[in-house]
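Sharing a structure, written as structure tokens. Questions coming.
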Amino acid sequence: MVPHVTALPVVVPFITAAVLVILRPLSRRWVNDAVSIAGVTTVIVLCAILLERSARRPFAYWMGGFKPVHDVTIGISLSLDPLGAGLALFSAVLVLASLAYSAHYFDAVDGLFHALMLLFGAAMVGFSLTGDLFNLIVFFELMGAAAYALTGYLIEERAPIQGAINFAITNSIAGYAMFIGVALLYARTGALNMAQIGLALDRHGADPLVVVAMVLLFIGFLTKAAAVPVHFWLADAHAVAPVPVCVLFSGVMIELGVYAVARLYWVIFAGPMHPHMAALRAILVAVGVVTALLGALMCFQQRHIKRLLAFSSIAHIGVFICGIGLLSARALAGVAVYVVGQGLTKGALFMTTGVLLHRFKTVDEYELHGRGREIPVVGVLLAIGGLMLAALPPFTLFAGKSLLEDSAASAGYGWLIVVFVIASVATGAAILRVTGRVFLGCGPADAPGAGQARAARVTEEEMQDRPDHTPPMMVVVPVLLLVLTVAVALIPGAVPAVEEAAARFTDHAAYARWVLAGQAVHWPAVAPSHISAADVLYSAGSVLGAVVLAAFGLFGRPLRRRVPAAIGVPWLRALHTLRDLHSGHIGDYIAWWTAGTSLLGAICLLTLA
Amino acid sequence: MSRRARLTLFAIAGPGLAAVLIIGFRGLPAFGDYHDVYGLVVNGVELSMRHATDYVTALNFDVRAFDTLGEEYILFASVLGVTLLLRVMRGEDEEYRAAEHGMSGSSDAVRLAALLLIPSLIALGVYLVIHGALTPGGGFQGGIVLAAAPAAILIAGRYLELKVLCPTRAIEAAEGIGALGYCLLGLGGLIFASVYFKNFLPAGNPGQLLSAGFMPLNSIAVGLEVMGAFLIVWTAFLDQALLVRRRTGEAT
Amino acid sequence: MTVLQIVALAAVALGGGAVALTSDPLRQTLVLGIFGLTLVFLFFAFQAPDVALSEIVVGTIGLPLIVVATLRKIAEQERTRPSDEDAE
Amino acid sequence: MSFLPYAVAAWLFGVGLWGVVSSRHMVRTIISLAVVQSATYVLLLAIGYRSGGQAPIAADIPPVAKLVDPTVQVLVLTDVVIEATVSALLLALVIQAHKRFGSVDPSDLRPLRD
């Protein structure tokens, strides 16, 4: 009934990593590449099998055979539903893509890089599959340990060290907050399995203890997801990590934080929070809106392309948090589709940036002015990516965004559509502006902000030599990712299948039944949503808006001078303040973290308990 | 933000966070009033099924063995990370003279003490590792004690002899074999008992060394890994502190 | 709650405060070691010998060794190049 | 009085965060992080404690005796391992930071300043 291979997607990369380390003195670069790629490919096959099985019927796999007796369990389960399994598959695909990309990208330190990437992948897969709250945190910490080291990979540089330190400290504190959350829930329910905790809380209802536990767990995962105001680490870390690692950070790691919030809500807190759904929805949507707008604003400000992409990820995370916060199955389906499209596109964009870094040793937009003309193919990729981010119909990001917009409208949050459009316009426009400046030589070649230019240059030995020759793999992989972005939502039945999966994911009562009792649950068929004319209109508008905004970014300097000082000066001052807040000082970040946590806690205690 | 602004923000937010925590903690049962099922179920299961007597180790290596797997690989990943981050860079040399210079000054009596310390640490470590399922201790604690045994050479001021005694590559291989072994023991469960991490060895008599099914083997695998892990981390840091120097007359 | 537990908790609270409020890192390492011992004491008082044993090995050997090595490395680097801080 | 362990946990969390926020030396930041983490040890063990309970080891006592909860102790064991590993990674980063920046004051570790 339950596939025997269920544990293997986590175990295979563990074994592969250990073997790589044992054989490190003997192995050659190509052996490391081949072994790690083979390991990840196995994981992909296994995840695909599990996805297929769980789509037919979700199931729990009990480690060591410690099955629950009368709904009480002491064992650890992997609880597989199609959304979790799909996310595991998606993580594995991105790991494969970045390993393939890095095979010709840089001189990886003999095997250590590969082993860490495998462990990172294993952690993401385990995180998506596990049904045990504490196990979830173990995988969170494993993901962290591998990610901190990978961020600081380029030890010859300043920025990666600082980025890794801020990343590690912020995420560790988030982890401790989650430990306290788990402790509170364990004290209340005597359980660590998420389904069992949810079942126990259904009987108790919400009280301050449950609310505080929820706040601590949510803030922990929102820190991973980089929600405002606990997002500060992200730009530091994503701007400096090696490109193949950035692909995983932006493409799937931070999205896993959002996934965990959704999972915890629907499995654990949906029962006690049911009477307060409207308030919780308002709180989460507010967090999402602030995150999306700040990300969009900061994204368009950047000239350091990797930092620009990092802030565009924050904008998208804001959109995802809004989607989760709507607390409906359809919005969740929208987020799932959007995550896949965004992850693939963002991965391709980071890889494209990697080509620029490889060839010109800088990712500063102004320094690269017009220099991209020698590699027009890369420019085409960048432009396509920009249009995708602007939600060009009828591709994957558009499909996800339409679902989100429909469910926002039907939840009475129609104004959210404006936020979604702003996020699409700003992130798309920023990429199109870079394309215009770097590959077409549009706009001026100089601008204030020499500090950022210096930071964008590299002196390290990250790359292999021969920069005038771009290895074909570095173009092939992003092309494949963009092809997937185009294709996924166009596969007949793909989006309805995600809607089906989201409906199962959000069925709080059924989850406890299929996990703890192993019962088959019969869900009613979900009527697939249809794309309305309004959706196409919004997206056409956002693509157009992105093009116009990009043009403004390139040619708008004369226009900007005409803005009256009464508006222009305070606006610039506000932008400056905002930029200064992203100071890189870990003390600042933790002070903001504390402020965000206590604010969220206070609001939740006042409205939800 | 200025230092002052930062501290002011925290002065407001910190007490707020403390208040949120306290409000949450007030819902906890009074200290000492624990009466939940999980622990009691475990206590029953482990003694009756596995004949393990230390329930903490039993949970670690049996019921929640999968958590321990994750935990072992957290350690493994951070050892890889430390190795990666503390690698010798361009413009740096390992100066072997510096080490002896920096560590000299130990008297003969201290050296003798260190020499005597080593076998007792090894004995203690081995005891902790293999008796994990019976008495307090287990692979993790025993592993660190075992790692401390060669590190005791430091007290004698002979860092380079530690490096000769424990060549990095060999230690790294030992660590990898420990981590791999733990994975494979889980796989043994899948092969012989058709579930990952299911015990596939006889339970034995409670209190005896070879009881508690595969737990002693798990403990040994973890012990090997932890020993290797700590030795690698320690030597990586000590290398930096004692050996690695910037090449003189050269910018970074 | 026994007197032993109250004493242990008070010691941990004071020790934790002392660690976080000491600003000189070398002295802080020493205070951290003492704080580790108060935690060990607390773990025994809470009937957690396995955890106490872990804390002994991590808190008295595992961590201090690398903290001291780090401080030593930093001190050595401060000695050998006091002037060229802005070198890149 | 029975709230004391929980109050101590909240105190450790807060005072550790203060140490991180006010630090002028990265090593101090990392040591303060360990204080934040110790809050979780105290809380977890306090939750699993039963008045008059014995350590969860059957070798010394008749198996029917009242035992404290072993589960929280397992969680704390994992916690201790995480403390050791994260600290090691961070200290390694601090050594490199000092090589690159010539300082370990968080105020000096700002590569992206204009």
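Residue numbering begins at 1 within each chain, and the chains themselves are lettered A, B, C and D in the order written.
Note that in this section a contact is a pair of C-beta atoms (placed from the backbone, for glycine too) under 8 Å apart; a residue touches a chain by one contact, two chains touch by 3 or more.
This one's a predicted model, so the numbers in the text were calculated from it and none came from an experiment.
**Student:** Please identify each chain that touches chain A as well as chain C.
**Tutor:** B, D
**Student:** Measuring between mean CA coordinates, which chain is farthest from chain D?
**Tutor:** Most remote chain from chain D, centroid-wise, comes out as A.
**Student:** Once you find the CA centre of chain A and the CA centre of chain D, what distance in Å lies between them?
**Tutor:** Chain centres of chain A and chain D, defined by C-alpha means, are spaced 28 Å apart.
**Student:** So the centre of each chain is just the mean of its C-alpha atoms; given that, what is the distance between chain A and chain B in Å?
**Tutor:** Once rounded, the distance between the two centres reads 31 Å.
**Student:** With centres defined as the mean C-alpha position, give me the chain C-chain D separation in Å.
**Tutor:** 10
**Student:** Between chain B and chain C, tell me the centre distance in angstrom, where each centre is the average of that chain's C-alpha atoms.
**Tutor:** The mean C-alpha positions of chain B and chain C differ by 17 Å.
**Student:** So which bits of chain C are touching at least two other chains?
**Tutor:** If we look for residues of chain C contacting two or more partner chains, we find 1, 48-51, 54, 58, 62, 66, 70, 73, 81, 87-88.
**Student:** Touching two or more other chains, which residues of chain A qualify?
**Tutor:** Correct list: 134, 138, 141, 145, 148-149, 152, 155, 158, 180, 186-187, 192, 583, 585, 587, 590-591, 594.
**Student:** For chain B, jot down the residues that touch at least 2 other chains.
**Tutor:** Chain B, residues with two or more chain partners: 3, 6-7, 10, 14, 17, 21, 25-26, 28-29, 31-32, 36, 38-39, 42, 54, 56, 64, 67, 71, 74, 77-78, 81-82, 85, 89, 136, 140, 233, 237, 240, 252.
**Student:** Which pairs of chains touch each other?
**Tutor:** A-B, A-D, B-C, B-D, C-D
**Student:** Going by the contact rule set out above, which residues of chain B touch chain A in the complex?
**Tutor:** 1, 3, 6-7, 9-10, 12-14, 16-17, 19-21, 23-29, 36-39, 41-42, 45, 62-67, 69-71, 73-74, 76-78, 80-85, 87, 89-90, 169, 172-173, 175-177, 179-180, 183-184, 186-187, 189-190, 193-199, 252
**Student:** Over in the complex, which chain A residues touch chain B? Could you list them?
**Tutor:** Touch residues, chain A against chain B: 4, 6-8, 11, 14-15, 17-19, 21-22, 24-25, 61-66, 72, 74-76, 109, 112-113, 115-116, 119, 122-123, 126, 132, 134-135, 138-139, 141-142, 145-146, 148-149, 152-153, 155-156, 180, 184, 186-192, 207-213, 215-216, 461, 580-581, 583, 585, 587-588, 590-592, 594-595, 597-599, 601-602, 605.
**Student:** Name, in rising order, each residue of chain D that touches chain A in their complex.
**Tutor:** 9, 13, 17, 20-23, 26, 29-30, 33, 36-37, 39-40, 43-44, 47, 71-72, 75, 78-79, 82, 85-86, 89-90, 93-94, 96-97, 100-101, 106-107, 109-114
**Student:** Give every residue of chain A touching chain D within the complex, in rising order.
**Tutor:** Against chain D, chain A makes touches at 134, 138, 141, 144-145, 148-149, 152, 155, 157-159, 161-162, 164-165, 168-169, 172-173, 175-176, 179-180, 182-183, 186-187, 192, 236, 239, 304, 307, 449-452, 455, 583-587, 590-591, 594.
**Student:** Mind pulling up the chain D residues that touch chain C in the complex?
**Tutor:** 1-2, 4-5, 8, 11-12, 15-16, 18-19, 23-25, 27-28, 30-32, 34-35, 38-39, 41-42, 45-46, 49, 51, 53-57, 68, 73, 76-77, 80-81, 83-84, 87-88, 91, 94-95, 98-99, 101-104
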